[in-house]
Structures are given as C-alpha cells and as structure tokens.
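Below, chain A partners chain B and then partners chain C, in two separate complexes.
== the complex of A and B ==
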C-alpha cells in the first residue's frame, strides 16, 4: 500500500478534525478566526498539492486510486473552491445560528470526498467518495435549522439523493455481476464483450443516472432549484462548484476512460440529455423572481453546456470542458460571495431586492454584474471563451452526425435565453423599480479579497487564457496517455459505425 | 507600442483610469474621458493620412501570439487596409464627439464614461482586428455597456423594453454569425482564425459549394441583424430613440458598421459560391430597408425615430453595393459606411442637443427654432441636407457610387433605390426641418439657448469630415479601390460559373 499517494486527502481529513477539536477549546467569538485559520491551512495544502513535492503519478490501492494530471487538476480546483467557500462562510456567519465550526469541518469533509472523487478509478471508490460528498451536503443544505426553507432543501436533497444513490449502487452491482470487476481499467479492457451484455448496459445506465443527479442534468435536475434556494449561500456555492465538478470528473473518467466505445454508441443519448438540460434550465429560469433559485436553474443550464464537451468525445472537447469548469468556478463563486455580502443588508433573496444596489455599493454591483456577464458568455469575461471552445469542439465532431448540429442550435438559443434572465438581474441592480433604501453597504476586507480574486480570475482567464488552457490540455492528454481512452474524431467515427 | 494598437488601447486604458478615480471627482473623470478619446481621434486621423493608398496588403500590422495549445493557435493580429482605415478614422472622430456631447451627464458620470469608452475601444478593436475571434470579442465588448447605458441614462417610457430588445437581437445575430464563423473555421480545417491564414488555406482547397451555401446565410443574416437588415431591423430605431445621445451616436454610427465590415471581410471573399447563391436574396432584402424603412421614417413624429429609420434606410444602400458585387459598388458601400457613420452621429447629436434644450423631440410640439438658435439651425440644415444626399457631402459621393456600380447587374433595384433614397429621404428630411426650425415660434420654447462656442466643437468636427470627404471623395476611394478589387476578384472566383457572375465580371 502506497500511502504517500493519498497524502493530500489525509492532510485534509486532519485539518477537518483539527477544526472540530480546536472548537472545543476556543471561545465562541473566536470562531471566525478559526475559519481564517482553516482557510490558511487549506491554502498551504493547495500550495503543496500543486507543487512538485506532491505525488505526481501513480496507481495504488489495487488500482482503485489513480493520481494523474487530471486528478491533480481537479484537486487544486476543489481545494481552491473550499478556501473561497470558507471565507464566504465567515462573511455569512451572522446568519448561521450555531455550529459555525462544524460548518467549516463539514465543508472540509465534503472537500475530502471531492479529492477522492478526482482520483477514483474504481466504481466502489466512486460510490464512496460521492456518498461522502452527498451525506455532508445533506447537513450543509439544512444547516440553518431555524429556517423552514433550509430544512425543506435538506429534506428534498436527502430524499432525491438517496434515490440517486440507490440507482447507482444497483447499477454498480449489475456492472460487477457482468464484468466481474468494478475497476475502470478492467472494464476498459473488456468493453467490447461487455458492450453486448444487456445487464452491463443497464448497470451503466443506472450509474449514469446517479452521476446525472450530481451534475443536475435532465431528467435528474428536479432537486436543484429548491435546494439552491433554501440552502445557506456558502453551501449553495459549494454545491454549484464542488459537487458539480466532482460529478463531471467522474463522468469524464467513466465515459471516456472506462467505456469510450459504448459512449460513442450512446452519443445520441448524451446529445438528447445535453439539449434537454440546456432547454429546461434556460426556459425555467425566465420566470424566476428569487436570485438563488434562478442560479439553480442557471446551474442546470450550465450542466447542459458542460455536457457538450462530453458529447464531442474528443480531446478538444474534454479540454474545453475543463476550461469552462475553471471559468464557471470563479464566476459562480464571485456571484455567491457577492450574495453573501448582500445577505446582511438586503432582507430578501428576491431579485427585486437588488434595486438600488448600483448606488448602494458600486463594487458589489459591478462584481455581480461581471459574474452574470461571464455566465452569459460575453467577452471579455472567461465565460465567452469557454463557450466558444465548447461550441468549436462540437463543430469539429459534427460532420457526419447531423444531430450535433441540432444540439448546436439548441445551445445558441439557450445562450440567448440565458442572456435575457441575466440582463433582468443587471437591470434590477442598476435601474430596478423603486429604491426605498439607499444606505451605502460596507464590505469587509475578506469579502473584498475573495471577490477581487474571483473577478481577477474571470478577467484574467478571459483575456489571457493560454496558460490555463495549456494546463487543461495537459490534464486531458495525461489521462489519455494513461489509458488511451480518447481517440481522434476520425478513429471514433470508424468505431461508431 | 505600434500606433494601431494604441488606438485600441487608449480608450480601454482611459476607462481603466476612470475606474480608479473616486466617483465624486467628476471633473477629473470627464477630463480623462475627453483627453483619452481626443487623443484616440488624433491618432486615428494621423493613421488615416499616413496610410499609403494604392498598396496591396495590410499596413500598420502587428501580431502578438495569444493562444497556442494543442491544435489551436490564435494571435492578436491587427492591421489596416483600405477597407477599415476609413472606419477607424470615423470611429475615432465619432467617439470623441460622443464624449463631448455627454458633458451634461449628471447621474453617475464615472460609470457612464467607463461604459462609453469601452464601446469606443471595442469598436476600434473590431475594425482593426484581422483575427476573426478577436473581431468577435471586441464587437461583443459593446453589448452590455449598450444595455446599461440605455437602461440607466436612456430616454422615454419604454427604455427598458428597448434595452432588452436591442441587446437580445444583437446577441442572437452575433451568435448566428459566430456559428457561421466556427463552421467556416472547422470546415477549412484551420487551427487559427486569422483572416490571412484562412484565405491562404482556402485558396489551396476551396470549400464545397453546398457547404458554402450553408455558411453564407449564417454570416449574412447573423451580421445582417447587427446592421439592421430588413426584416431583422425592428430593434434599431426603437433602441436608438431610447438610448442616451452618445450611445445612439456610437451605435447607429459605428457599431452597426461592424456587421457590414465582416460581410465584406469574410463572407464575400471566402465564400464565392455562397455569395452567388445568396446575394440575389440580399438585393431584394435591401429594398426592404430602402423602401420600408424609408416609408416608416416618413410617418414619424418623433425626431429620434425618424433619424433611426432613416439610418436603416441608408443601410439599404450599403447592402445594395454588396449585392452588386462590382468594384464600383463595393467601393461605394465602404464610402457609404464612412459617410453614414458621420451623418448618423451628427443627426443624433443634433437631436440630443435639441432635446436637452426643448425637453422634447416630438416634432408636432416644436417649431420656429431657427430664430432662437441660428447656429444650431444652420448645423441642422447642413446635416439633414447631407442626409438627403446633397452633393458636396460625403453621403452623395457614396450613394451615387453605389448606384453607378449596381446599375449593370441590378437595374430595377437601382431605380427603386434611387426613388426611395433620394425622394423619400428628401421628403422626410425637409419636413422635419420645416416643422422644427421654421413656422411659428412657440411660447413654451422661449427658453432655448443656442450652442455655445465650446459646444459647437463636436458638430463642427463631424460636419467638417462630411464636407471633406464630400468634396474630395478620392481621399477614400483611392484607399478603398485596391481592396474592393481584391474582394470582387475573390468573390467571383467560383467553382461553378453561372449567368450572374458573367454579367458582374467586367474588368
């Protein structure tokens, strides 16, 4: 057993436990400080994980745990996300009645689940890491025990999450029954025979359903709006960034590494799923009046755009997806940080509550506007380049697959619709209705730093995408060389026919 | 830093500087905006006069690698030829004028100038870019500023509806065009979006004519929507009427031209078969602009709606020149683009000043203003006469050239176009002049004040440019002609010759 492979995960567990233990000795007023300390500790871990001392490549624990460029990419991604979410929670702390330290600890435990998910090379590890994420989120979403909406969100997430887990575990059982293994490498080696086994295909479909729940793809999206609306804002942000990305890293591993041939045959299923997700998210977002609920629908639509990268089934598709996820990360975190900062000064989560923000706090107004602009995919923000890369990758795979052109049409229409509802929010910010309260809003230094970082990230990645794009490309290429899952479009077409 | 890039960067840099100034230092904010845009205009003018006419290829070129990952390599690539040098000049001028006429913006001038300068920088970047992705990037930079400018500083009751409409229409058009550009890029099998590289690749291996017939309409209707091509024009007049003066000037004058520019730069030379298939359609649609929008302009009581519709009608001439696919017609189109940029900006600046003085642009409530505002009135007469196509102003030169160029291939459309452009145009322009400047003086308008010395500068600038290019159109045509020849040569270089092409190619 090569324990050095999971040193990052072990350290994260220790930090989480450390937070829980320290809470016993410090006064309640010092808990914000505990949050900052946890953020600093995770920052050190992030520096370690991205540095040269961290495990670079390897396969361990009976091939169930893999460290490659893709895993390292996502580990850095999750660590950074957790740091921002913890800083956000400190800002939000006045709204959490009790158990602030536990909130920090749970965020870190969810992070551990994501770190394991990034390295999962076996269906069992996939399931365990997903459960670790999901179970902590049951608590995080219902953390504001005195708020009915938060409890409702928690219960909904619990019930639907349990159903999805049941699907998934049943699917894994079927796969194990037909393949005699749960390991991705073994499955990949035998996929040609397995592709003819209905039991295996059924199992794969059920696992896909479970992952579809994580990323909130149609038809497993129903939980997202309610949970996004009811949960405390930092939990929502982590759900949108971390949990979704964990779902996508597992999708990449499963679909492009373990069963690429079957994925190519199922391309129509993925096309329909992607198109339906985009359409559903975009259309349902139009009538929303609650900002967080709208973000829920927007996250559904974005899951659809991200699926474009999988539909393309090429290296440039996966690269585009990683790039888009990175941009989405900064964008969503900026939006939710701004919402957290607002939560103390604006009574409602309603979009109408933003009226006058342009004058009350030009900084928060500009931050929220820029993140919405990025979500809508307008330059110079990162969302633009991400969408262009995704569309381009689908265009590359489209010749010979007419349904992909339809999907592209759907994506374009989805972008226009999404612009409509994002603009509605911008309108509220700058010239919305009557503005009874015009007292200036002061933002704390922590918020300013977190928001500044996110905006700088959005603009930087939008204007100078080269470095990050190269990292994403390396991550995909590394995964490809490890197993040889992805093929060039020309080869893929041969295998599809 | 080369001068073409500095033209793009100056407005963006000024916007960034303004961001750092606290909002209550209004004088500093305005000073930065005026200086930044003034310097931009100055450099743009010097570029125009330093440009060597008659040379093939691009001048003031500069390339900076941007992305090279895997099979994708993109670069920031700018350069000027006859097609864009005139547009760069007028963008500088109109940008400066639009900053100058916004002197009386009181509500949050900091945000206003940031957004306006972003628009100016974006437009300049779009015209100067030789990389299609950068062109798109810069063009879209103006989108959200437009929305916020109309919403916050806009005029009229339904400014919110107008703001949504203009933004969504422009996005839809831009995305359709983007789909066309991506399809073009992928079908060529290129790893870059560079115009020159794409052209080289295409000359080696032209696209099949079926594919061209699919890509061309995406570009035509996508970019056409940005210009206000009939029947995708309904956002335009309404949006301009609701926009604050500066945004209306920039949009109707400058940003609209980006769509035409892209058609000339990409669609015609890259897709000759597609052009042959779809240009006859464009020829009929341009009649929609000329006749329908001209007719609608005739019925307006609101001066802004009149100018907006007349500006759409003028776009019909530009489309007509493109549809003719002749060297003369395309040269005329470019002259129309330059001239109309100045004219539309001038007209909206005039109506903006009128509204600031009288409080209304409803022509039934105005009258007899020439006596109270002689300078304004003179400027208005000159501007509107230019709009009718009076010789001596640049518009005449452009429109006449388009009509000459199109006569051979599209005689009936030319007849209709001249009838509408020159007669309808004269009718509504003169009627507007009569009802605003002449007639009885109105008591409620006794308080209007004429343009002061300092306020005359933007108007003088625009009129001077209109007169200069009107008296000496060769300043433009000598620069444009080599490019126009190149475009026509590429656009008629078809794989399957047909009757229309045989008529058009007459060297």
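== the complex of A and C ==
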C-alpha cells in the first residue's frame, strides 16, 4: 500500500475535518474567516498538487487507484473549483442562515470524492467516489432549509440520484459477473471477448446511464433544471463544474481507456445522445426567465458539446474535451460568482432582475457578460476556441461516418440558438427596462480575486491557448500510453501552430 | 547587409515578437478595459488609455532603436487553415513598419494628452478615450499585418473606429450623417480592395506579403493580364481611406468629429493608411503591366501611372477648393486631401524608380505638422467658443501666442519653406516627378503655390488684423494640456526631415536602389537644384499673392474678382450634389427592391419562420419538464431502454 499516492486526497479530508473542528471553537461571526482560511489551505494544496513534489505517476491499491497526467489535470481543476466555490459561499453567506462551516466542509468532502474520481481505475472506486459526491450534494442542494425550492431540489436530486445509482450498481454487478473483475485494466485486456457478452454490454450500458445522469446528458437530464434552480447558488456552481467534470473524467476512463473497441461500435448511440443533449438544452433554454434555470439548460447543452469529444474517438477529440472543460470551469465559476455577489442586492433570480446592473456594478456586469460571451462561443473567449477544437475533432473523424456530419450540423445549430438566449441576458444587463433600484453594488475582495482569476483564465486561454492545449495533450497522451486505448490521430495533431 | 539583418532577426526574433505583440495589444486592452470596467470613471479612463498608448509608443521607440533596419516576420498563429488559403495572424516588422509605428503612437499619445483639455467638459469622456484606443489598435494592426486578410480585417476595424469617432457627438445630425457618409464611402473602396485581394490570391495562391513578394520577384509576369486590374482594385482601398478622387467626399464632412479626432485620424494616421498600404504592397506595382482583353488598349500603361494621375488630380482639385473655404477645419481638411494626393502621385511615380520612399517620407513629415495644425485649429476653436469661420476671428496672434507660433511653424512646414520638414519631403516628390513625368511636376508646383496661398490666407485672416467677432474678442490661450502637445510637435515638424530616412526605408523596398532622403538646411539645392528652386519659389509666390490680397482684409476679395469660379470652388465643384442626384436616385430604387425582399422574404419567411419554429419547439419541450418527480423517474427508465435500444447493432 503506497499511501503517498493519495496524499492530496488525505490532505483534503484533513482540511475538511479541520474546518468542522475549528467551527466548534470560534464565534459564529468568524465563520467567514474560516471560509477564507479553508480557501487558502486548498490553495496551498493546489500549489502542491500541481507542483513536482506531488506523486506524478503510479498505480496502487490493487490497481484501483491511478495517478497519471489525466488525473493530475482534473485534480487541479477540482481544487480550483472548490476554492472559488468556497469564496462565493462566503459572499453568499447571508443566505445560508445556519451551518456555514458545515457548508464549507461538505464542499470539501465533495471535492474529495471528485479527487478520487479523477484517479478511479476500478468500477468500485468509481462507484464509491461518485456516491461520495452525490450524497454530499444531496445535502448541499437542500441546504437552505427554510426555502421550499431548495428542499424540493434536494429531494428531487436524492430520488433521481438514487435511481441512477441503482442502475449503475446493477450494471457494475453485471460487469463483474461477466468479466470477473471490476478493474479497468483487466477489462481492457479482455475487451475483445467481453464485447460478445450481452451481459457485459448490458452492464456497461447501465453504468453509462449512471454517468449520463451525473453529466446531465439526454435522456438522463430531467433533473438538472429543477435542481439547478432550487439549490443555493454555490451548490449549483459546484454541481455544474465539479460534479459534471467528475462524470466526464470517469466517462473518459471508462469509454476510451477501458472499452475503446466497444465504444467505437456504439458510435450511433453516442451521436444520438450528443445531438439530442445539445438540441434539448438549447431549445429549452429559450423560454426561460430564471437565470439559474437557464444555466441548468445551458449545462445540459454543454454536456452535449463535451460528448462530441468522446464521439470523435480520437486523441484530438479527448484533448479538445479537456480543453473545453477547463475553459468551462473558468466560465461557469465566473458566472456563478457574479450571481452570488448579486444575490445580496438583487431580490430575484429572474433575468429581468439584472436590469440596470451595467450601472450598478460595471465590474459584475462585465464579468457576467464575459462569461456569457464565452459560453456562447464568441471569440476571443475560451469558449470559442474550445468549441472550434471539439467541432474540428469531430470533423476529422467524420470521413466514413456520415452521421457525424449530421451531428456537426446539429452542434452548429445549437451554438446559433445559444447565442440568442445568452445575448438576451446581456441585453437585460445593459439595456434592461425599468430599473427602480440604482444603488451601486460593492463587491468583496474575495469575490474580486475569484472573478479576476476566472476572467483572466477565460481570456488568456482564448487568446493564447497553446500552452494549455499542450497540457491537455500530455494528459491524454499519458492516459493513452498507460493502456494504448485510443486510435492514432485521424488526420493530424491538434495544435494551434 | 541583408544577411546581417536576417541573422539579427533570428537572434532577437522572440523578443521582437513579444515587443511587437505588446505594442499592438496594449491599446486594445485599455479600450476593452475602459468600456467594461470603468465606463464612468473619467480620471481612470484617461490614465489607462493615455498610458496604454504611451506604452505602445515607448515600446515602438525601443523596437526602432534596437531593431533598427532589420526585418522580421513574427511567428504567425495559424488561424484559418483551409486547403488553399492559409491565413495566419502574424506580424511583419521592417523599417517601413517601425517608422510608421512611431508616427502613429507618437501622434496618438500627444493627441490623447491634448484631448484631456479639449474634451474636458464632455459627458462621454471615457467613451472618447476608449474609442481612440480602439482606433490606435486598429491602425497598429494595419501597420503590423503580414498578410492581406489580416490587413483587410484591421482596415475594416479602422473604418469602424473612425465611424465611432466621427459620430462621437451622435446627437448632432450633422455628425451622425458625416459618420455614415465616411463609413459608406469607405465601404465602396473596401469592396474594390477585397476584389483586388481575391485576384491577388487566385493569381499568386497566397495572401502572405513576403511570399507574394518573393513569387513576384521570381516571375514578374505571374499576375499576367490581371496585373493592372488587381493593382487598381487594391488602390480602391487606398482611395477610400486616403480620400482620393472620386471617393474624397467623406473627408471634409468628417470634420464634424471632435478636433483631436480630426488631428489623429483625418490628418496623421487613418488617411495615411492608404499610402502606407500602397507602400506595403508596392511589389504589386513593380510587376509587369498587363490588362485583360477589353482593356488591352491601355497597353503598357501601368496601374502605377494611373494611380499617379489620380493623385495629381486630387491634389489640384482639393487645393483649388481649399482656396475658397472659410471654415478653419475645412481648409485644413482640403489641404490634407491635397497633400494625400501628392503622396499618392509619388507612390505612382515611385514605381518607375522601384521605390516609393518619397511618398512615405512626405507621409511622416505631413503627419506631424498636419496634426499640429489641426490641434492648433482646435485650440483656436476652443478659445473662440466653437467658432470655426476664419472671417469671424482675427487678431488672435496677441491673444494666443503659443498657438500662433506653433500654427505658424506648421504653416511654414506645409507651405514648404526651408528649414521646415515639409520643404524637404515635398522636394523629394518634385525631384521624383521631374525625373519621371514633367507634366505632373508642373501640377505639383501649382499645387504648392495654391497650398502656400490658402494657408497664408488662413493665417493672415485668423491671426492678424483686428478681431471681427465677440467670441474672438474673448479668446485666450488654451490650458497647458492643450498647449504643450503643440509645442512638442514643433520638434518633429522642424527636424524629422533631417534624419537619413532614405537608406533606412530602402531596406523595405529595394536595397539596391537607396533613395536620397533627409537633408539639412539647403541640401536639396545642391543635388536637385531645379526641383528645390521651383518648390521654394512656389512657396514664396503663393505667400506674396496671399499677402497682397489678405493683409488686413476684412472680407474675401476673391469672390468678386473670380466670380463664378469662386462660387464653384466654394461649393467644392458640386461633387456632393452630383453624387446625390445620381447615386441617391439609383440607391432609392435598389433600396425599395431590397426592402421588399427583406420584409417579405428574409424577415417574413426565413427569420420569422425559423425563429418561430425554434421558439415553439422550445416551449413545447418545456412541457416535458413538468417538475413532477414520478414522471422524471419514468423518463429516466425510458431513457435507459432507449440507450439499450440504440446500442444494439
């Protein structure tokens, strides 16, 4: 047992416990400070995890836990996401009447689940880490106990999450029954024989359904809008970035690392899922008046775009997906941080409530605008470049697969539709109708730092994508060399040069 | 020499690259930052934007000093890799570009500092600075672009930012109309420009300047029978931006913008973009001339010769119009037109000498002294409570000494009196014309006589004599932020022509044929005495003519002496009216057809249809989202079945 492999996870658990313990000794007024300390501690952990002292490569715990470039790539993002979420929680604290410290601790425990998910190399670890995330989110989503909407969101997430978990654990049982192992490496080694076993395939599909729930892909997306709308904004943000990304890292591991041959045969399924997710998310977002609910649909549509990277089944596809996820992290976190900062001053979550924001707080208005522009995929923001990479990777794989051209068309239509509703929000920010309240909004330093970092990330990755793209490439290549799953790039290596 | 330069370029490549990118991006960052984050903070907006441009200027200066005459192409990003069209975003730095960088950022810095005074009471002060920064960014993009597509993009950006700046006071109908007119007139030129780019691309298979130049150097007949057409179409772009006949009509109207804008855009930079672009793609004009069948009667006449004729005609036309204008800014605007005409003529004539340096030289000197003249005019207008008619001024010499002396220096430079820079740069053009086309030399001298005449008229009427209106009575010297930029500009107006720019610029064109540029004092009289003598004589003659007519005059004697001709000149040869009758009626016809199409086909069928469909399906899908958890669970299960179904082979 090489415990040094999980040093990042252990430290994160300790930070979470530390937050819980410290809460017993400090006055309730000092809880915001506790949040800042937790953010700083996680910041140090982030520095450590991305540095050279952290474990770089390794396999341990009976091959169920893997540390490779892909895992480290995702861990860095999970840590960053948790820091920003904690900072926005501090901003949001007036809305969380009691148990602020518990909220911090729960965010950190969900983070631990994500960190484990990033390294999962075994279906059992996959399941356990997902459960750790999901169970924590049951509480986080219903944290505003005095708000009916929040409780409703929690219950819905709980019941549907339980259904998804049931399907998933049943699937894992079927896989174990037919493959005699739950380890990805073992499965990968025997996938040719397993591909003919209907029991195995059935099990795999059920696991896929469970993961589809996590990422909110069609046809498992129904929960997302309700839960996004009802949950406290920081919980929604973490759900949108952390939980979704955890689902995607597991999808990459499972589909492109453990069973790439079977995935290649399921191209029709993935194409339909991706296309339907994009169309569903984009169309449903149009009539929305509630900003958080709209973000829920936007999150569904984005899951569809991310699936394009898996559909491509090439190295450039996976790279594009990682790139897009990274940009998505910055973008969504920026949007939600701005929304949290507004929560104090704007009564409703309605889009109309944003009217006059351009005058009340140019900074928050600009942050929200930039993140919406990035989500809509307008250059020079990172969202544009990510979408270009994803579409290009699908385009490169398209020769010989006519349905991929169809998928490309759907994706482009989705982008065009999304312009409509994202720009509609911007319109109400700057040109929104009657604005009764024009008092300026002050933002705290923590929010400014979080927003500044996210905006810098969005703009920088959009304008100078090469360095980050190379990191994503390394992450994919590292995963590939471990198993040799992906086929060689179809046309040429993705690169901005 | 060239080898050494290349070596130098390789060694310092990456640093130069960073430097060039920073020069380009700094104003953009400031423009965006101001618009998004401090749209209402006057002080911060001014500090940010002035700081950004000054930073660009300092970096340009470093680039100029360190890099000197070398040339480098900065590692391009691949931007649009489509088979057959490889568009990248790259920067091209050579002596031509680094000189232009200095001019643009230098003038822009001073104009921005000046604006803190001139625009002080304006409500939209931050917007003004952000728009100026956006303009500087676009202009620097033109200067640094290394391919036609990028050049064209920044070309359009310059068009947009000039639209924003001319129409800055959008509540005034005249300003709004002027900005529209400028934009649309430029669009006409840009359309030709785009066609020209397409021809070059299809003939040469590349849009990269360096590659195209190398290909043409290898085989000068590569453009074949399209050489002439391509050259003229590309020139159409310059015709729009540099306001050459017949697209010159927008520039005088553009004076509706704030005066600092006129100084920066309509004197020093944007209007110079056309000349700069012609120099940048000069290799197209040295290629073998050729015309397609229907135009074959043009024979050996090259595009460059036609360009020089257009330039000469514009120069003469504008100079004649300027003689009978009374608005101080319009006089300067027509004088700008006229000088741009001279530059265009010099580019055309330069084709025979394989070197357009003379045009660039005049561009540089003109940028400084014309910016100074405009800023001086702004100072006068500011002092006279926005009175622009020179006949309502008078006697300002004593009231505004700084403005007067700097304006006088600018006038001397424009008139071409030694030792002011205009004398030397005009002299190079005259010398070039004398060598290649004596008739155009005559036109040039005539233009020079007229230039001195109308500028002397302006100075004599506005600054001497007695005050002729109440607002001029109350005039007083402008604040320091407006005064000192003027004083600083006298230095380049006097001395920039003394620099040995000829050999320096030749690196960009044809190092084998360096041109003698840059002289001190009476140098021109030594090596091309005829041109220098005529140039000097023209200035003296023009001045004495003006002196005899306007010294202590209270009203213009010319209308009575010239009669109808004066009226025609005052009304700018009725070009606006002619265009209006011909084009507006045609335009109305087209717009009615387009309106019908738009209303019933595009908007009715396509837009409404599609958006309606999307909207309805969105609303319909929302019904699925019931919020009922039982149905969600049901959907989930159906979903699993669907997935299993789809996964079957």
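Throughout what follows, the second predicted complex is superposed on the first by the 488 of 497 C-alpha atoms of A that agree within 3 Å, B and C clash if a C-alpha of one lies under 4 Å from a C-alpha of the other, contacts with A are read in each partner's own complex, and residues count from 1 in each chain.
As a convention for this text, a residue touches a chain if its C-beta (ideal position, glycine included) is under 8 Å from a C-beta of that chain, and two chains touch if they have at least 3 such contacts.
Given the structure is predicted, the values throughout are model-derived calculations rather than measurements.
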Chain B and chain C placed together on chain A: clash or fit? clash
- Can A:223 be said to touch chain B (first), chain C (second), both, or neither? second
By the touch definition at the top of the document, which applies to A:426: first (chain B), second (chain C), both, or neither? first
(message) Quick one: is A:43 in contact with chain B, with chain C, with both, or with neither? Answer first, second, both or neither.
(response) neither
Query = In the superposed arrangement, which partner chain does A:415 touch: chain B (first), chain C (second), both, or neither?
reply = first
Message: Looking at A:206, would you say it contacts chain B, chain C, both, or neither? Reply first, second, both or neither.
response: second
Please indicate which partner A:28 is in contact with in the superposed arrangement: first for chain B, second for chain C, both, or neither.
neither
#### Entry: Contacts of A:452 with chain B and chain C, given as first, second, both or neither
neither
Report task. Please indicate which partner A:362 is in contact with in the superposed arrangement: first for chain B, second for chain C, both, or neither. Result -> both
Which of 315-323, 387-395, 441-449 or 495-503 hits chain C? In chain B, it is stretch 387-395
Where chain B and chain C land on the same part of chain A: residues 358, 362, 369, 420
Note: in the complex, chain B contacts chain A through residues 23, 66-72, 108, 111, 133, 136-138, 140-141, 143-144, 147-148, 151-152, 160, 163-164, 167-168, 171-172, 175-176, 178-179, 182-183, 185-187
Chain C partner, complex, touching residues on chain A are 155-156, 159-160, 163-164, 167, 201-202, 205-206, 208-209, 212-213, 218-220, 222-223, 225-226, 265-266, 268-269, 272-273, 280, 283-287, 358, 362-363, 366, 369-370, 417, 420, 496-497
The chain C residues in contact with chain A across the complex are 36-40, 77-78, 611, 614-615, 617-619, 621-622, 624-625, 627, 629, 632-633, 635-640, 642-644, 646-647, 649
The residues of chain A that touch chain B in their complex are 315-316, 319, 358-359, 362, 369, 373, 378-380, 384, 388, 391-392, 395-396, 398-399, 408, 412, 415-416, 419-420, 423, 426-427, 430-431, 464-466, 469-470, 473
